[in-house]
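What follows is a group of structures, each given as structure tokens.
One chain, chain A, links the two complexes that follow: it is found with chain B in the first and with chain C in the second.
Presenting the complex of A and B:
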């Protein structure tokens, strides 16, 4: 029998994810993939997997998993009490598991999404080059859906890595509930009045319960549009534009009162005004943000976005060499 | 020949560090769409490493790239250079495409029911979406409005929102184009294969889900086939492609049901023909070009 992991309990919303199904945005296919790509990559590094191996992404309440052979596991991302056969085990480090061992989760204490990597990776079949789950359409991952009690997931050939690898403390991210997010203002921001744009950047936005892998809906203020005669084809509402592509991380404002930040399972286009784009590094922050958390946006230029990206690459490099 | 329409210079925007958004024009026109097509086709042909996605849109386009491979400033410069080369549609430019028959049951019971559930989100809760569209576009009756939508074909000017959803622009002169607003607040439910219009664009929703367009009917045939078990989807999970010309033909309930049975049995094939579409010829004589397209499709 080939190796597998048994899902004793699926948790609240657990999916198989990898780095994403890129390159098909033009047919309307969002990349999906791990919402917090930093935590995801580190989980794989800890168990000796390639960084893009498929792992599990849990939301709020993690799953219970029973192993059927010897493996290394690592849990990163949102903080939760993680146990192996009832005994606590540390996050951000690798742990040996044996056949019959059960990994389980307590409630999350900070962040939103724990990542669980298993040596060998989750070996569900690839769909269009990726093992990521896209639940909106029901494709990829395990049967295109969140895990349910009793599911059985295939595992790839395990690595021979050793347990006890640990991520240095200073490279473990913190997940506060008050979040500063860097965004590049632009796209169709000309549709907002100057006061509205200022208000967008100074408002502490609260994350509503409409927050999932597609996007996060925020509340906290009202943004006024510049009055105009609507251009042909756009539709008559001032929040409408001629339908266009939405960058991943872009912020749209239907109605002007509820900004929506588009994430991994994003709708790829539409006709609402988009006013800014969260920089790629800070998309990870949304992966660990939860309902009730507060977001403040800070306008940055492209150079600062690139510097943040370089900084993240350096942190990953340090982990790679620490764990090599 | 008609006067070439001059477009204002495109607007270039950074969508964070991984995307560049280029707005060719704020309003929709065949010219703006063709310009987006020409630039994105040229970009596609370069096969540059580090370019992740090239997405032509209605009057704009979007590019995703890896800034660790292509510096954003270099890509921005290249895109501006390409715009300079496509100021006008090149002499004799044609689109190698296909014309396709899409059977639609207009005023169907399923989209009607969905629509009635969301009257509180509509501009005119007392009308149906069809009545509202007919009245605001100056048609005497719902039937005349449907006849217009089902009459001349539509060209696919963008794919997106969800996989396989075609945004289509009707091949009509500007004065005959219909326009309707999107819902005041988007619906949380739209049936699979619903046919609707928002702004000047018609769509077929590939799957059940949210949506903000006015609902007018239901396509008997799929635009997305995740399992690729239908013959028309052998090469791609989505059927429509940018530049396709779709005719949303009005069918009765009997033909709709028959077609549904063929789709379920996996035996359905879209009626389609390869065509050469000349935007210049269309702008010069819209009805003449439409008549020829339909003749090719049904001969």
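Presenting the complex of A and C:
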């Protein structure tokens, strides 16, 4: 019998994810993949997997999992009390599990999404080059859906390495509930009045209950558009433009009062004004932001966005060498 | 006194549907595991269950208002 992990309970919304189904945007296929790519990669590094191996992403309420052979596991991301057979185990480190052991989660205390990597990876079939789940149309991952009680997931071959690998404290991210996010203003920011753009950048936006892998809807202010006669194909709402592709992380403002930040499972195009785009590194912050948290946007240029990406790569390099 | 905390952030509802009666009222007896409300987040409605048996002394969160993770929703005695 090949190795498996049994899902005792699925949690609120747990999916199989990897680094994402990239390169298919032109056919309208969003990348999906781990919402917090840093925590995801580190989880794999801790158990000796390739960084792109499939792992589990939980949201708010983690799953409980029963193992059927010897493995290493690591939990990173949002903080929750993690237990093995009822005993607490540390996050951001690797732990040995044996057949019959049960990994479980308490209530989340900060962040939103714990990641669970298992040595060997979750061996669901690839679809279009990725094991990521895209639940909206039910493809990828485990049967294209969130995990349910009683599911059985196949595991890949994983040499059981050494338990006890630990991520240095200074490389473990913090997940505050008041978050600063960097964004590049555009593509359609010209549609906002100058005052509205200022207001967008100075408003503390609150994350509503409508915040999932598709996007996060925010509330807290209203934004006025420059008056104009709408061009053919844009419709009558001033928040509409003629259709365009939506960049990942782009912020649209249907109606002018509830910005939506588009994330990994989002639609790839449409006719809403996109007023700014969250830089790729800071999309991780949305992966760990939860309903009720506060977001402030800070306007940055492309150079600062690229510097932030280089900085994150350096932090990952440090973890790779610390765990090598 | 035991309390019933929300395991989720979201919106708390005391009724299964807008035109139906509340699951429980203040002063009602509940048993452990009994549903006392719903929490809506990410287009999901999760049942909020009593963490212990007892009498519902007080709801600390208004119907249809925001609730954060770990926030006490009701007090039992």
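One rule holds for everything that comes next: the second predicted complex is superposed on the first by the 323 of 324 C-alpha atoms of A that agree within 3 Å, B and C clash if a C-alpha of one lies under 4 Å from a C-alpha of the other, contacts with A are read in each partner's own complex, and residues count from 1 in each chain.
Methods note: a contact is a pair of C-beta atoms (placed from the backbone, for glycine too) under 8 Å apart; a residue touches a chain by one contact, two chains touch by 3 or more.
What you see is a predicted model; the values in this text were computed from it and never measured.
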{"item": "Superposition on chain A - do chain B and chain C clash or fit", "value": "fit"}
{"item": "Partner chain(s) touched by A:254 [first = chain B, second = chain C, both, neither]", "value": "first"}
{"item": "Chain B versus chain C as contact partner of A:306, first or second or both or neither", "value": "first"}
{"item": "Touched partner set for A:324, first chain B, second chain C, both or neither", "value": "neither"}
{"item": "First, second, both or neither for A:187, with chain B first and chain C second", "value": "first"}
{"item": "Which of chain B and chain C A:27 touches, first, second, both or neither", "value": "first"}
{"item": "First (chain B), second (chain C), both or neither touched by A:12", "value": "second"}
{"item": "Partner chain in contact with A:292 - chain B first, chain C second, else both or neither", "value": "second"}
{"item": "Smallest separation of CA atoms, chain C relative to chain B, angstrom", "value": "10"}
{"item": "In the complex, chain C residues that touch chain A", "value": "5, 7-11, 40-44, 46, 66, 68-70"}
{"item": "Residue ranges of chain A touching chain C (in the complex, touch as defined)", "value": "12-13, 59-61, 107-109, 209-212, 290-292"}
{"item": "Footprint of chain B on chain A - complex, ascending", "value": "22-29, 128, 136-139, 144, 183-184, 186-188, 231-237, 240-250, 254-255, 267-271, 277-280, 302, 305-306, 308-309, 313"}
{"item": "Touching residues on chain B, where the partner in the complex is chain A", "value": "13-19, 21, 23, 25-29, 52-62, 64, 67-68, 72, 158-165, 167, 169, 174, 177, 179-182, 184-186, 198-201, 206-207, 209, 212, 224, 226, 236-238, 242"}
